[in-house]
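Mind having a look at this structure? Questions to follow.
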Amino acid sequence: MKIPMTKLTVVSESLLREELLKMMRQAGAKGFTITQADGEGSRGVRATEWEGPNTRIETIVSPSVADRILDQLANRYFEDYAVIAWMSDVTVWRAKKFQD
Amino acid sequence: MELLTQNLISPVVLAFVLGMLARAVRSDLEIPPALYQGLSIYLLFAIGLKGGVALAETPMVELAGPVLITVVLGVITPLSAFGLLRWFGRISRTDAAATAAHYGSVSAVTFLAALEATKIADMAPNGYLPALVAVLEVPGIIVGLMLARQSGSRGVKAALHEVVVGKSIFLLLGGMAIGALCGAEKMESVAPLFVHPFKGVLCLFLLELGMLAAGRLRDLKSAGWRLVVLGCLLPLGHGLLGTAAGTWVGMSSGGAAVFGAMVGSASYIAAPAAVRIALPRASPGIYLTLSLGVTFPFNLAIGVPLFMSFAQYLNAV
Amino acid sequence: MKIPMTKLTVVSESLLREELLKMMRQAGAKGFTITQADGEGSRGVRATEWEGPNTRIETIVSPSVADRILDQLANRYFEDYAVIAWMSDVTVWRAKKFQD
Amino acid sequence: MELLTQNLISPVVLAFVLGMLARAVRSDLEIPPALYQGLSIYLLFAIGLKGGVALAETPMVELAGPVLITVVLGVITPLSAFGLLRWFGRISRTDAAATAAHYGSVSAVTFLAALEATKIADMAPNGYLPALVAVLEVPGIIVGLMLARQSGSRGVKAALHEVVVGKSIFLLLGGMAIGALCGAEKMESVAPLFVHPFKGVLCLFLLELGMLAAGRLRDLKSAGWRLVVLGCLLPLGHGLLGTAAGTWVGMSSGGAAVFGAMVGSASYIAAPAAVRIALPRASPGIYLTLSLGVTFPFNLAIGVPLFMSFAQYLNAV
Amino acid sequence: MKIPMTKLTVVSESLLREELLKMMRQAGAKGFTITQADGEGSRGVRATEWEGPNTRIETIVSPSVADRILDQLANRYFEDYAVIAWMSDVTVWRAKKFQD
Amino acid sequence: MELLTQNLISPVVLAFVLGMLARAVRSDLEIPPALYQGLSIYLLFAIGLKGGVALAETPMVELAGPVLITVVLGVITPLSAFGLLRWFGRISRTDAAATAAHYGSVSAVTFLAALEATKIADMAPNGYLPALVAVLEVPGIIVGLMLARQSGSRGVKAALHEVVVGKSIFLLLGGMAIGALCGAEKMESVAPLFVHPFKGVLCLFLLELGMLAAGRLRDLKSAGWRLVVLGCLLPLGHGLLGTAAGTWVGMSSGGAAVFGAMVGSASYIAAPAAVRIALPRASPGIYLTLSLGVTFPFNLAIGVPLFMSFAQYLNAV
């Protein structure tokens, strides 16, 4: 049962970790894989620079959930915080895990 | 003058300089984040434990004055900082408020460095001071955030939660509670970890802090000379005020000097996290650069010995 | 020499790390990039929760090797363990490295 | 009663409580995994070193009784646990067997906490006890896995390898070998790291353990009251049995109390890893919650002082 | 404003981290997300083995920048160092961030 | 002979053996990289601090001879290593040059182990030795790289920067500067962290080093017996030469033994990083295996006690 899904990757300053996870859960994401990451981007400075690195969140979702999450990111985070996101096509098994 | 040299040529201060040097010569030296977090957990918990033991031995009535004056200064200092940052520093309301929150709050490491300096100079500080660090951490941030006049939905409340149960205050208060409950005798068994190596750990921590501060220095140019001047004047003014107030409420001269350093210091752990949540549009390039890149080294090198001399002078008068 | 390949990502409780790597090697994978990850999914609890986080394994393989690995995952791991896997198309250079 | 209070108001127990509190108030306090692993490497290696020195000074013949009784209890306790978990706890065979493996094995931190408690109360425990920790770790897990009647291909063998060369036992035995080979005199040079700060490190470790246990408590509701009751009764029964058996084979009263705590404890490091490999269908929500969320705090707060009183009573009889 | 971009992932021995980042910046990359990784590949040994793990660099760039980086990698690194790279298609928002 | 046994049965050496054993039995024991980096930062900084204090007390004139002989040996040893590796070892010019750079440089941990061994045997080494470690680290690498005759664009210069501001030398020199500036009295406050637990930390570090060396041993077969023989002969020859030279310039017998161990040792931190940058085509499978897998254990077990006996003999003559 190979099923095409969408993988959304969000990289943000680590301060936002809990907040972003909560938002994504509400938007319908069922699971996350989270890694610590260093980063370099258009904003040099991090308020939490020494609290540790960026947070990189991957979540496999349906395209509609991905869109919902992106809307939220665009409305509430992109402008003020160091957050970026990208989306790619993946194939998964056990698709029931990822359904919303 | 002798105090100044004696203060500068100490393992703690030199470790900070070494950290800055590491960045200047582009060494690949790096303290792994896990280690760094471990050091800061250790320092806060250890200082809490020790403060708790002392606190348990301090009569309640002796505490009232110091606690009250701490709250008062925690409200006054962000206001004076805000005024000067707007008028002389010429930065936006949001940036000024964010920075004011930092100057209203307190830097735990400055506190520790001052503590060590007074001990070396045989000016015994009062044992209850760690409790005042916890007290001083909060009001400045509240006042600062209110100055921004942006009490949006996620504003002050979320930020306050961040501060009050944030790890620094939590460990400090938690350590104090344990120290107070156990008392001096029971704490002896953990002294070989939490008391004896303390100053060495502080050294390592300052090595890292030096590297971070050096990173901030790069942003000094864009901050402009006006802000750099304020980064020295604010700790000076607040520090002398704090020293005087500490003496006035009856602290020992060592205690008043440490208290001055606390009041004069600018937070760079609790405040930045809270401000980032509540005022995302304020520029970390301003508030972090000032507090970590200017005010912290200023206090370490000049502020602390100055407040010590001033406290001795007041005490002699 | 750009060549299309398949990237398979497997996230699992870290206890399985060596076992999964061995299985993938036998299935024909020639290399791995492994990161530590935290995770959240349908199973809340990890037996190794405090032994450290999840393991995230990426391997660039030919589609047939990817299928072989997925078969093994489905037969032996998906039901009992906290394991998920996804697959995506990538382009690589130096393709001889990845051939089976 | 006084033992109980004295035990509860100690840096080690209070650090555990503080850790639970951190989760309760949703503090962002976190011990980085690397640090946490470092603490556990330190504790196991240090206790091994110390045990090895003591072991080298213990005549072989004095060891026979304690080792034998340890193996016997390592076989009995998983059986009694399994019976009660099936009959009173009403859980599936697999879950009961998995949990029994935990109760048959031993929690190194409970051992350490008991060791410290007896030292504070001036009840010198026998020096060879760390060796018994290593002995007790294995049989309970074997018996538990056999109870599951699922000796599939990857079953018991893989799990045993996991336990025997697993880092806890490896460090404990390795440390013991080094301690025994070097003897007291040569170990003195490493005492400032491995002996003096030991209790402080234990404190930090319990801070983390408190946070983990608090996480487990959330699952208590779904576990049901029957299991919670067993999580208290099993350590009680096993612990008193162990204390009596220890006294019977000639341990000092301090030693018997610590031995009781060992027998009464449930593993939450070695056993979970082994069980997860061998019995993947058993629910960690049951066995981890019981061992870490119920039995560990029970022993820390109530079990240890109780076993100490009981050992003193037996010794006085 | 969903825009298709290219994600380039480079995994290398950590010794090369600064050098590779510099090269990519010069080739036009505007940001990076960097994680530590363990690895296994055709070369068993790392000179920096115990200096810590591999470095995994992700950068979202335009296809032309990706090609430029890959040329550099192929010319200067692939032969002598433990470096691999792969490329995949992603969709991003806030595309101005990634333009060269 | 007695020195040999006494040296082998020490916590430091046994920890190394335990580390090798961990890999041999496939234990899952692992020192987290962050911790490991922390240990190495600690060791280098601590040895620097201590050396700095001693250095400040050493008259300049007493240093001239030791420094000069160190530079001379730093040039000679890579040449002799290169010659033997080409002629007897039969490896390519690039591989021989890369490996020669390692034998010309110095292993800080071998230095530390030798230091501890002489202390146990009551052979007080000279206080200025840490400074010589820093001096010895550089010339061997330069000579080695020049032997490769590949002064390409990114060659020697980039590699040298890597070495000189690399974290090992930076921490060593930085620590020395702080120690020299502060002097013995001020350093007392940090002694509970940087002096007392030092040997215990060395133990933990060697545990990790044992695991890494065991990993290297796997490559021994492909290296061939000729290289393994050289991995023993080179430290032997260089070490005896170093001991003699040290005695000749007036070191105490303990100092000469430690100096011999330094000269005989092969770098496995600074040199590999530099060589990897400058000579990417040289095979780490050769130079790392020899320096970490053969020469380091050889020196730890045989070299150090031998140099000690030799130094005593020379001193008695």
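Lettered A, B, C, D, E and F in written order, each chain numbered from 1.
Heads up, the rule we're going with is that a residue touches a chain if its C-beta (ideal position, glycine included) is under 8 Å from a C-beta of that chain, and two chains touch if they have at least 3 such contacts.
Predicted model, so just to flag it, every value in this text is computed and none were measured.
Colleague: Quick check on the contact network: minimum steps from chain D to chain E?
Modeller: Shortest path length, in steps: 2.
Colleague: Going only through chains that touch each other, what is the minimum step count from chain A to chain F?
Modeller: Between chain A and chain F, the shortest chain-hopping route counts 2.
Colleague: For the homomeric pair chain A and chain E, should the interface be classed as same or different, according to whether the shared residue numbers exceed half of all numbers used?
Modeller: Different: fewer than half of the residue numbers at the chain A-chain E interface appear in both copies.
Colleague: Where the centre means the average of the CA atoms, what chain is farthest from chain D?
Modeller: E
Colleague: Taking each chain's centre as the mean of its Cα atoms, which chain lies farthest from chain F?
Modeller: A
Colleague: Counting in whole Å, what is the centre-to-centre distance of chain C and chain D, each centre being its mean C-alpha position?
Modeller: 35
Colleague: Could you state the distance in Å from the CA-based centre of chain B to that of chain C?
Modeller: 47
Colleague: Using Cα averages as centroids, what's the distance between chain C and chain F in whole Å?
Modeller: Taking the average C-alpha coordinate of chain C and of chain F, the gap between them is 40 Å.
Colleague: Two or more other chains in contact with one residue: find those residues in chain E.
Modeller: Only 35, 88-89 qualify.
Colleague: Would you mind listing the residues of chain D that make contact with two or more other chains?
Modeller: 32-35, 37, 192, 197, in rising order.
Colleague: For this structure, give each pair of chains that are touching.
Modeller: Chain-chain contacts present: A-B, A-C, A-E, B-D, B-F, C-D, C-E, D-F, E-F.
Colleague: For the complex, which residues does chain C have touching chain D?
Modeller: 13, 15, 44-53, 80-81
Colleague: For chain C, which residues count as touching chain A in their complex?
Modeller: Spelled out, the residues of chain C in touch with chain A are 11, 35-42, 54, 56, 70, 73-74, 78, 84-89.
Colleague: In their complex, what parts of chain F are in touch with chain D?
Modeller: Residues of chain F touching chain D: 9-11, 14-15, 18, 21-22, 25-35, 116, 120, 192, 196-197, 199-201, 203-204, 207.
Colleague: For the complex, which residues does chain A have touching chain C?
Modeller: Counting only chain A, the residues touching chain C are 2, 5, 7, 21, 30-35, 60, 88-94, 97.
Colleague: Can you list the residues on chain D that touch chain C in the complex?
Modeller: These residues of chain D touch chain C: 33, 36-37, 208, 212, 215, 219, 269, 272-273, 275-277, 280-281, 283-285, 288.
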